[in-house]
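Two complexes follow with subunit A in common, the first pairing it with subunit B and the second with subunit C.
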Partner chain A sequence: MSRKDEPFFVGYLPLPAGLKGFTLFISLAVFVLFFGAGLLIGATQDAPEDTGFRFDFGRQTVTGVVELTPYPILRVTEGNDRIAPGKTMMLTAAGKSGVDMRAMGLEGQLAQISGIVLERGTIDMMQLRGGRNGISPVEGNAPAMEIEPLGRWKLAGEICDGKCLYGAMRPGRGLAHKACANLCITGDVPPVFVSTQPVEGQEFMLITGPEATRMPQEAYDFVGQFVTLEGDIERRGDLLVLQIDPATIALVDE
Partner chain B sequence: MSVKYIPVQWNRSKWVYDALMLIAVTLFLYVFLFVSPEVLSHEAPINPQVHNARAFGACAFLMLTVILCIGPLARIDRRFLPLLYNRRHFGVMTAFVAITHAGYILNWYFAFSNSDKYEALLFANTSYGQLAGFPFEAFGIFALICLLILAATSHDFWMKFLTPPVWKRIHASIYLAYVAVVAHVSLGILQDQQNHVFTVIFIGGALTVAGLHAYAAWQEDRRGDELGADQDGWIDICDASEIEEGLAKIKILPNGERVAVFRHEGKLNAISNACAHQNGPLGEGRIIDCLVTCPWHGFQYDVRNGRSPAPFTEKIPTYNLRIENGHVQVHRDANPPGTPVEPVEVPA
Partner chain C sequence: MNTAEFLLMVVKWWGAIGALVALVFLTVGMDRIDEDADGAYVFRPLLIPGILLIWPLVLWRWYCLAFETDHWAHRYKPRRHNHRIFAYVMPIAIVLVIAAGLSVRQQWPAHIAPEQLSAPEASQ
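Coming up: the complex of A and B.
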């Protein structure tokens, strides 16, 4: 076809007859492309873990002994219908904040906590209500709580923030979530290690630094990634606490 | 074409173009947001904020991919030129979709902490020294800033103010933005995917953009404009009979500029091939109502003096032209924009 015979499009003039069919075809192709891509991408997203806030349980109130690992936990001594004595609850505040300041003066004492439970399998965390409504001292002598050392372990898995992992966000782990996890952990939300192999029946364990310090700075670069590391594990009630050795953290080529 | 700046110089083509693109984007978002959760039927659904962020993010990527395919497609086949005509509106739409994606991310992953969310975006992950776990958000921020700058300067006022060459260089940063988006997605969501359908679509999209550009460049190299032979300052164009009525022949001058020689009513005139609007290829246009009409956006010029018809004020350079032994020759030095040149009659 000579160039002179080709239809010539000018935006402010009517569409040439020779281009109408092609333009209609392209318009339909664009619709099909956007519809198809939306359906394919949207309908093939991975299922997040079956975790989350248990608002359906309502507000839970239990009493126990506060321990600072340094991340605060509560060893439940007086439970309720849903939370049995002997349970260990990790504690957090609303948003990306921990409850360190509120729990600091209560170490080793009896305290009552109140809030909403986050549940992942057998592991629970409680998001406390604000101020003294969330955690307050209780009269009475705190019973001695056993801490069972389980020795040094080498583990493979992922460092996450406990709250998102337990379902505050779905999905709440992985590299796309790394910045959010870092933000939670710097805000004193307890960090958690997800092990590929269970230790004493547990896949999840609270992370601390060596000698019961906070998660070390070096570990932040490895949050959300598949790593191996070594550390001492101790059992506090039904919760395992892993004191990681930062020098042993290494990326694993998946 | 416009003698004064108004927000949008609407015409029927623009209305239809924008409506079609809006329908396409709405289709994508509707299917992603409202149909796919039913198909997925996850036991524990993805958080709505994350779902929304993914929908708008994926949509912005698709829009950007389509936008970047339009240029090479129009170079390969002129029938795609109607898609080029109002591409700027599609680009602005993309910036809005991208900023919605960023808003959902910012107000979810970087909110609810004691820190300002904008500060948190910058400090929450600083693992810049490693590939896995690299703060991929940085690439997203860069791409978004590019898109916003391009959207903000998309109006013809900015093109005139910045001059077309500067404006075009700024707007070429769309390619940097696309590369940044590819890095953003590759180091982010793709690292966590178990189902790889999106990965395939994503790689397919990026390869299509790269492949179409490479093919268009190869085709232009093979069939593109030729360098005219220089004879004492006069550049040989072609035999006069080769130029069809109402059309042009394009040649490259020794200084790299392109000249378009048009035939109108049996007479020849030479003008710059670059439209004053966006450097569109005037020689690929044609003469309508006695005026050379640019194939990109329809800007028009009188072929005899390179001036747009009154009241418009655009001007392009003209060239002196002669016919030697039936051969059209153009002087290599351009006349100042808007200089009248007497048309040269094509010998019988």
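Coming up: the complex of A and C.
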């Protein structure tokens, strides 16, 4: 067959008869390849059960005492049928942003929060509605809230953003996960530490810096990687708060 | 400013400059360098995402075409010459990068148990 007689594909003309088999084969091969790759990639991802946004609960509204760790949390004093008093809710906003600015003036005060619950096991976070619909002060005297120190610990695990590990996503791995988590933490979503094994019954704990400061700059480089670190732990309601010592963070040896 | 904040700032500025380039190029520049685009507007918003990403290339090509510093045929020559090389190198590189990434991936240290270094009283 001379080159003159070879079928030639032109997008706006009918498909030449000699290319139909080839086109069908390539189309099927590409479909099978990408379908298989999708299945393979999906099957290798972590998929914890009973996690995620609980849109099925509907919008939840509870009242409690705001504490700034400095990341804002709410110690629930008046709950509802889903959220019991004594629960501690971490707070976040939609997307990769936190509620620090909105909670700033409410430390130690009673406030009402409203939003959608994210949960993983026994831990909960609430994604607040916008503006004062999400968090607003409530009249009344805030009761004193107990903070129980649990001593200094050495832990192994991962530093991540709270939203990812509280069920907004399947927790990922690798560089994309690290970049995603760093964006969340930069946007004031509270950082969390997931421990290899439970500490006082909890595998997840809110991270702060030493002396109740924000997560230290050094820790950003270790986000999404498996590390060992030391820090002081305290219990606030059913939430553990880990004040990490940045000088002790080290990658887990391979 | 930490590394993550710096990267985020760079991306924001890159996008902002790209948006400015897109605005000027799609409203003023395109008509001057491509007579086929004269009077055609519906497709222009489709170019915005691409311009946001590769606005330096857009500016360079805009300059070349506006000042007639290149010959149209030269545009295609280098890429055609390198097609075969890239056709082999790119899929091999992608597989190698993925394999390298997976080979250095950490394993979840499930064997390391939490250890209490000091009791609450001592730490307070």
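The criterion applied here is as follows: the second predicted complex is superposed on the first by the 197 of 254 C-alpha atoms of A that agree within 3 Å, B and C clash if a C-alpha of one lies under 4 Å from a C-alpha of the other, contacts with A are read in each partner's own complex, and residues count from 1 in each chain.
Note that in this section a residue touches a chain if its C-beta (ideal position, glycine included) is under 8 Å from a C-beta of that chain, and two chains touch if they have at least 3 such contacts.
This is a predicted model, so every value here is computed, not measured.
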Inset, instruction - Using the superposition on chain A described above, determine whether A:A156 touches subunit B (first), subunit C (second), both, or neither. - result: second
Inset, instruction - State whether A:E49 touches subunit B only (first), subunit C only (second), both chains, or neither. - result: first
Inset, instruction - Name the contact category of A:T228: first (subunit B only), second (subunit C only), both, or neither. - result: second
Inset, instruction - Report for A:D238: first if it touches subunit B alone, second if subunit C alone, otherwise both or neither. - result: neither
Legend entry - More subunit A residues in contact - subunit B or subunit C: B
Inset, instruction - May I ask you to decide whether A:L39 touches subunit B, subunit C, both, or neither, giving the answer as first, second, both or neither? - result: first
Inset, instruction - In the overlay, answer first, second, both or neither for which of subunit B and subunit C A:T196 touches. - result: second
Legend entry - Residues of subunit A at both interfaces, subunit B in one complex, subunit C in the other: 174-175, 179, 182-183, 186, 220-221, 225, 251
Legend entry - List of subunit B residues in touch with subunit A within their complex: 11-14, 20-21, 23-25, 27-33, 35-37, 39-40, 42-47, 50-51, 54-55, 58-59, 62, 66, 78-83, 85-86, 108-115, 120-121, 124-125, 127, 129-130, 132-133, 135-137, 187-189, 191-195, 197-198, 201, 244-247, 285-286, 288, 293, 295, 297-298
Legend entry - Parts of subunit A lying in touch with subunit C, wherever the complex brings them together: 148-157, 173-175, 179, 182-183, 185-186, 195-199, 217, 220-221, 225-226, 228, 230, 232, 251-252, 254
Inset, instruction - Note which residues of subunit A are touching subunit B in the complex, please. - result: 2-4, 6-15, 19, 22-23, 26-27, 30-31, 33-35, 37-52, 94-97, 167, 169-171, 174-180, 182-184, 186-187, 220-225, 251
Legend entry - Complex interface listing, subunit C residues touching subunit A: 2-5, 8, 101, 105-120, 122-124
